[in-house]
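So, here's a batch of structures to check.
Look for subunit A in each of the two complexes below; its partner is subunit B in the first and subunit C in the second.
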Partner chain A sequence: MHFKFIRTIARQEWSSVFRNKTTLVLFLVLLAVSLLAVFTGWQYVGKFNAQQAAASSEVHEQWMSQPNRHPHRVAHYGYLVFREKSPLSFFDFGLDSYVGNSVFLEAHRQNTVNMSEAGFSNGMLRFGELSMAMVLQLLVPLFIIFIGFQTVAGLKHNGVLKILLCQRASYPDVLAGKTVGLTAVTWALFLPLLVLGLIAGVASTPGAAVTDLVLRIVLIVVLYALYFLIITLMVVVMSAMSSSDKNALMLLVLVWMLFFVVLPKSAQTLGSSLFEAPGKIAFERAIEAEVSKEGDSHDPNDPHFANLKARTLKKYDVDSIQLLPINYGALVMQEGENITAAIFNKHFDQLIGTYQSQNAVSAIFGFADPFLAIRNISMNLAGTDFDSFTAFQKQTELYRFEKTKRLNEIHLTQVSFANNATQRVNAKNFQDMPDFVFRPVSVGRNLAASAASVIALVLWVVAGFAVLHFVSSKRKYQL
Partner chain B sequence: MTASRKVFMLEAKNFVLGRTVLVGAVALLLFAAYGFFYGNRLIGQQQATIDEVPAVQQAHLKGIVEHGEKATVGSTAYYPFFYTVNPPTPWARFAIGQRDVNPYTLKVKMLAIEGQLYDTELTNPLTLLVGNLDASFVFIFLFPLLIIALMYNALSEEQENGVWKIVRTTTGSIGQTIAGKLAIRYLAILLITLVIFFLSVIALQLPLTAPTFQLLLVLLAYVMFWLMVATLVVALGRNSAFNATTLVCIWIFLAILFPGIANIAVNNAVPIPEAAETAVRQREGYHEKWDLPKGPTMEKFYAVYPQYRKYPIPDNKYSPGWYYAMQFSGDLESAQSAEMLFGKLGRRQSLSEMIGAFNPVITAQQALNRIANTDLSSQVRYLESVKAHHRQVREYFYPFIFENVPTPSIDWAGYPDYKPVAYEAGPLAGSVVTIGIWGILLALCALFLFKINFIQINDIQNA
Partner chain C sequence: MTFKMLEAKGLTKRYGSHTALSNLNLSIRTGEIFALLGQNGAGKTTTINLFLGFIEPTEGSASIAGISVAEHPQEIKQYLAYIPETVMLYPNLTGLENLEYFSSLAGFDYGAGELRKFLSTAGLQAQAFDQRLGGYSKGMRQKVGIAIAVAKKAKVLLLDEPTSGLDPKASNEFSQIIQTLASGGTAILMATHDIFRAKEVATRIGIMKEGVLQAVIDADKISANELESLYLKTV
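And then the complex of A and B:
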C-alpha cells in the first residue's frame, strides 16, 4: 500500500470523472430531480399537516364547546385524531402514504386508522413516490454505475492498466485509488445536497425538537455516505473483474435490477407468505370469541358480571344496585371496557408481531441487498416507518381508553342510577380532559429497530473492502 | 433457398442460441410463475374471506337477536352489522391493482353511514409499499427489461466486432438485413409474450371471454411500444454501452420517475380535505341533535320518509324513531362533503389519465387495472353499493322501529340481499390507441433514423 500512489490515482480519477460531460449532465438531471423532490415533498407535507391541524383544532373546539351532556353520550361522541407527518417525512415518504390519517375514538370500539393516501389514489402511486430518499437510494447508485463502470475495465481495454502496473503502482493501490476517487466524487456531489436539503426542509418546520432532529440528520448523512461507499466499492470490484467496460456495464445494470426491483419485492412477498397475518374479519372474530368467553356485559346472566354485582353489593353492604351510592351501569361499562381493551391489545400486539416478522425478512435480506438496509434505516430516521405508525395506533388506543375511563368515572360518581336517562353533567368536566398529543418514537428506539440494517451496512463496507482486496490479489483480473 | 433467406435463418439461429434469449426468457418465466402463485394466493385469500361472510353474518345476527330477546326492535337494531363484499373479478388475479390497499369487505350498522365507509382492511403497510409481484407487474415492469436486453445490441454488436463491414460489402440490401435482424427479435419477443400470457391464462384460470382478450390486446400494444423504443435507440447507430444506458434511463424515467412526479403533481393539484371534513361533519351533525329540539330533526327525516309522520315522537324523552332520524341527519349534513370527496377522487382519476397519455407505461397499467376492475373507480363503485345497501337495510327496519315491535317478532334476515357490484367494462379503445400512437410515432422516427444512420451513408469508409 502506497498512500502516495493511492492519492495520485484518486486525484486522477476525480479529474477524469469531472472532465467527462456525461457526469455533468447526469448530475444536473439528478440535481433537478432532487430539488423538485425536496420542494414538492416539503410543500406537500406542509399542506397536509396544515390540513390535519385545521381538522384537529376544529374537533378540539367542538369538544370544548359541548353543552352539558350525559357522560356516556360524550363517550360515544368520541374524539377524532388526525395524524400529522413527521418533520423529516418530506425527505423520505416511507410508509406514510400507505397508512391511515385519521381515527375515530369512541367507547367500546377500537376503530381502524382510516383515510390513507393510497386508498384515495389509483395505481400510479404503486410505481413509487418521488422523494429525495428515492433519488439517493435508487438513482445515485445508477449514477455511480454510469460514471464508474469503466474505471478499471476501461484501463484494461485500452492497455493503460498494464502500463500503470509496470510502474511502481500495485494493483491494490490502483483499486484503492479508484475507490477513493469515485467515493470522493459521489460524496462531494451528493452529501452537501443532502445536508442542505434536510436543513432547508427542517428549518421551515417550526417547533420541532432540535437536538433530536440534528441527531437524525447527522445519522442520515453518515449512513447515506456509507451506502454510497458500498455502491462505489461494488462498481470498482465489478469493473475490475470484467474483461471489458461493456461487460462491466451490463453486469452492473443487472445487479442494479436485482437489488432495486427483484430482491425487495421477493423479500417482502416471501415475508408475507412465511408469516401469515389474519384478515380483518378473522381478527375481529377472534377478539369477539375471547371477549364473550371472558365476560359479556350485555348478558345479564354472565358469570363474570354476576360476580362483579355480588362483590359490589357486598362492598357497599346493600342488597340492590338501586341502593348503591355509585352508578352501577357505569361500573359495568368500565369493566366491559377493561376486558375488551385488554383482549384487543393482546391480539393487536400479536398482529403487530406478525407484521414485524414479515418485515424482518426484508431486514435480513438487507445483508444480501444494501438498498433494503438503507431503505429501512432511512424510513426509521425520517419517522415514516412501521414503528412510528404502530406508536400512533397504540397511543391513540391508550388515549381512547383513558378518555373513556374518565368519562365512566364521571358517570359512576356524578350520575345517579335512577336519573340515568335524563341527567346531564356540567360540560366543564369534559373540558378538563387533556388533548391528544403524539409522542414520536425516539431516535434511540428508531435506531435500535434498524440495528440489523445498520449492521448490514457496516458489514457491506467491510465485505466490500475484503472483496476489493481479494480481487486485487488475483492475477486474472489484472489482464 | 435464396441467399437472403439463408442469412435470415443463420441470424435466427445465432440469436436463439445466444445466451441472452435463454437466460432472459427463463428469468421472466420464473418471475411469471411466482407472479401467478402470488396472484392466486392473494386473491384466493380474499375469496376465502368473502366466502366466509354469509356464515359470519348469519351467526352474528343470531347472537344479536338472542341477546335482544326481551327488547324492542328499536333498541336491538343498534347492534347488528350488515356485511358487504366486493368479490374479485377473475382478472384480478392477473392485475391485483389496488385490491390489496382497499377493503374488500365492509360491515355497516344502521347508524350514520359516512363514518363507517372508510374503514380499512388490516394490512402490513410495508407490504403495500413494496407492492405486488403479480402477472401485470411482470408484463408492465419487467418485460421492457427483457426487450432492452434482447434489442440493445441488435446492430451495434456486429459493428463493434467488425462483422458489420463485411455484411455491408457483401449484402445486396442493407435495409433488408436490418429488417431481418429486427424481425427475428420482434418475433422472439412476441412469442415470449404470447407464451407467458397463455401460461397466465392457464395458471390464473382466466375465462376465455372478452376481458381476457382485452388484456392481451393492451399487452401486445405495450410490448409493441417498447419494441419501438428499443428500435429507435438502435437506429441512432451508437455503440452497445450507449444503447443499454439510454434504454435503461428511458425505462427508469417512464416506469419510476415520471409516475413518481405525476403522483405528487396529482395529489398537490387535488388535495382531499373532504376526507377529514366528512368525518367531522357527520359526527357533529348527528351528535348536536341530541341537544336540539326534536321537531326540526324529525322534519328533515320526514322530508325523505313522509310515511313515518303518523308515528308520534315524544318531545321530552328518548325514542328509537328519533334516534335513527338523528343518525340520518348526520348523513344528510355530511352528504355534501361526501359527494365532493367522490368528485375529487374522480378528478384525480381523470387527471392521472390525462397525464398517463404522455406515458404508455401508466396508460397500460391503468388499462389492465380497469379491465380487472381493480382500480380506484371500481372501489368507488363498491363504496356506492355499500351506501345503497345501507339504505335498503335501514328502509327494511324503519317500519319495525317506528312500530316499536318486540325483537323476536320480525325476520332479522329478511332485509334485501346485498348485491355486489357487477363487472364493468371500462372504455379501453382510448388506452390502446394512445399506446399505439406512441408506437407508430416512434416507428416512424426509427425508420427515418435508419435511413440517415445506416442506409444512406456518405462516409462508407467509417460506416
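And then the complex of A and C:
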C-alpha cells in the first residue's frame, strides 16, 4: 500500500463528493431533520421533566400535609413516584416512549410502572419517532449509500478504473483511498453535528453529572464514528464488487432493507418466540398463587401465621396477642409484606431474565447487523435502555418495601393493639421519611451491558477491512 | 537499437469451454505501432486486458519490457499507459486537474507549467485546459488520455479502439500524435476496426479471428485496398 496514493485518491473523493450538488442537497435535508430532531427531542424532554417535577412536587406536598393518621392508612394512602428522563434521552428515545413513567407505591401491592407515552399516543409513535439517533442510525447510512454507490462501480462502468489502475496506484490503494475519502466526508459532516447536538442538549439540562455525561458523549461519538466507517466499508466493497453503478445501488438498497427492516424485526420475533414472557395478568396470577401457598394472614388456621403467632407469644412469654407489648397486627402485616415482596422479587427477576434473554437475541443479531449493534449501544449510553428502566422498577420496589416496613414499625411500636381502630400517630413520623431519589445506571454498567454490541461493532470494522482486502486482491473485481 | 517491449508467448485465455484467445505469439518493439484488426469478439480486448494484467492467462505468458505481467502486475505499470475507446475521466474536474490527478497517481508531481505543456503536446487547445472535462468532445478527452500517457513517460501504449467515434479531423490528429510518440520510442499496441487508420499509422498489422491471430503483415508492404480484401477474406 502506498499512503501517498491513498491520500491523493481520498482527497479526490472528498472534492468530487463536495462538487456534487446532490450531496449538498441531501446533507442539507439531513441537517434540517437532525436539528429538528434535536430541538424537538430536547424541548420534549425538558417539558416532560418539568411536568414530572411539578407532579412530583405536588405528590410530595400532599404527603407532607397529611394529618395525624393511623400508619396503616398512610401505607394505603400511597405515594406516586415519577421516572425522570435521562439527560441524553433527547438524543435517543430508546425504550422511553414504550415503558411507563410513574408508579403508585402502596403497602402489599407491587404496582407496575404505568402511563407510557405509547399508551396515550396515536399510531405515529409506533411508526417511529424522529430522534437524532434515528437520523444517524437509519438515514446517514442512506446518505453514505447515495454518495458512495458509484465510487468504484461508476469508474468501472465508464472505464476510468482501468486508466486509474494503469498508474502506479494498486487496486488496494484505490479502495483504501475511496474508503478514507468517503469516511472523511461522513465524519466531517455528521460527527461535529453529533457533538454539537449532544453538548447543546446536555448544557440545557441542569444538575446532570458532568464526568458521566462527558464520558457518555465521547463514547457515543467514537462508536457512531465506527458505525459510519462500517457502512462506508460496506458501500465501497459492494461498489467494487458490482459491475455497474446501477447494480451497486440496487444491491446496497437491498442490504439497507435487510439490515434496517428485515433483521431487526426477525431478531425481535425470534427473541420473543424463543423466550416467551408471561402477560401482565398471568404474571400477577402466578404471584398470587404462590403467595396464597406460602401463607394467608387473614386465615387464623394458616400454618405459617399460626407458627408466627406461637413464636411471638413464646418470645414475649404471654398467652394472648392482646398482652403483647407490640402491635401484633403490624407484625402480621410486615410478615405478609416480606412474603409478597420476596415472591414478587423472585418472579420479577425471572421476568427480567426472560426479557434479557430476548434482548440477548437482538445483541447476537448485532454480529450480523451493525444497525442492531449501534442501536443497543446508543440506547445504553443514552440511558433509555432496558437496564435503566428495570433499575427504576427495582429501586421503586425497594423504596416501597422500605417505606412500608417503616410504617409497619411505627404501627408495631406506636399503636396499641387495643386501640388499633382509632389510634393515630403524629404526622411528623411520615414527614421524616426520605424521598425517592433515582440512582441512574452508571456508564460502566451501561457499557458492560452493551459489551456484546461493542464487540460486534469492532468485529464489523475488522471484517470490513478484511473483505475490502479480499476484494482488492481479486482481479475479477477490477473489470 | 530496438527492444521487445511487449511480448506474448503461447498466450491463451479460456472462459469455460469458450476460447477468447488462443496461442498468441507476438512481440512489439520500441518505436513500433502494431494494429490488431478484427471483428467484435475476435480477442483484441482480451489481448489488451492480458497485457494490462486485468485478467490472468489460462496458458502462456505476457511480458512488458521483459517482465512477466502475471508475476509482477504492479512493476509493469511503470511502463504502461492505456487509452480506452472512450476516455471518460472525471467530468467535474478540468483537463488540467484530471492530468494532475492521474500523474500524481503515477508518482509524478508536476507543476502547472509542465502539465500545460503535456496537454499541448497531446494537441489540446490551451483555452480548454481549465474547462471542466464534462464539456469536452470525445476527441478532446482522448487528447487528455494521451497527455496522461505522455506525462507518465510510458514506454508502452495500449489503445483499445481509440479512433472509434472520432470525426475524421480528430482521428487524423490522433494518428499524428501516436506516430510522434512511436518515433520517440514508445511501443504501441492498438486494437481497432478501422482498416484505413491501421494502414496509415501502423508499422505492422495483425488480423484476428475467433481468438486466433490469423495473419501479420508489414503495413508498408500492402496497400489499403489489399489490406481490406485480406481482412474481409480472413474474417
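By our rule, the second predicted complex is superposed on the first by the 479 of 479 C-alpha atoms of A that agree within 3 Å, B and C clash if a C-alpha of one lies under 4 Å from a C-alpha of the other, contacts with A are read in each partner's own complex, and residues count from 1 in each chain.
Note that in this section contacts are C-beta pairs under 8 Å (C-beta built on N, C-alpha and C of every residue); 3 or more make two chains touch, one makes a residue touch a chain.
Keep in mind the model is a prediction, meaning the values are calculated, not measured.
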Combined model on subunit A where subunit B meets subunit C, clash or fit: fit
First (subunit B), second (subunit C), both or neither touched by A:Leu249: first
Residue contacts with subunit A in the superposition, subunit B compared against subunit C: B
Contacts of A:Ser442 with subunit B and subunit C, given as first, second, both or neither: neither
Partner chain(s) touched by A:Leu351 [first = subunit B, second = subunit C, both, neither]: first
Touching partner for A:Tyr77 - first (subunit B), second (subunit C), both, neither: first
Subunit C, subunit A and subunit B - angle at the middle CA centre, rounded to the nearest 10 degrees: 90
Touching partner for A:Asn419 - first (subunit B), second (subunit C), both, neither: neither
Subunit B versus subunit C as contact partner of A:Leu479, first or second or both or neither: second
Touched partner set for A:Gln431, first subunit B, second subunit C, both or neither: neither
Nearest Cα pair across subunit B and subunit C, whole Å: 16
Interfacial residue positions of subunit A with respect to subunit C in the complex: 5, 8-9, 12, 16, 19-20, 158-160, 162-170, 475, 478-479
Subunit C - residues contacting subunit A, complex: 49, 52-56, 74, 77-78, 80-90, 92-93, 101-102, 104-107, 145, 148, 152
Residues on subunit B engaged by subunit A in the complex (per definition of touch): 31, 34, 38, 41, 45-46, 49, 52-53, 56, 67, 97-98, 101-103, 105, 115, 118-133, 137, 141-142, 145, 160, 240-241, 244-245, 248, 252, 255-257, 259-268, 271-273, 275-277, 279-280, 283-284, 287, 290-291, 317-318, 345, 348-349, 352, 356, 361-362, 365-366, 369, 375-377, 379
Of subunit A, residues touching subunit B in the complex: 33, 36, 40-41, 43-44, 47-48, 51-52, 54-55, 58-59, 62, 67, 69, 73, 76-78, 80, 82, 94-95, 97-102, 104, 111-130, 134, 138-139, 142, 146, 245-246, 249-250, 253, 257, 261-262, 264-269, 271-273, 277-283, 285, 298-299, 351, 355, 358-359, 362, 386, 389, 421-422
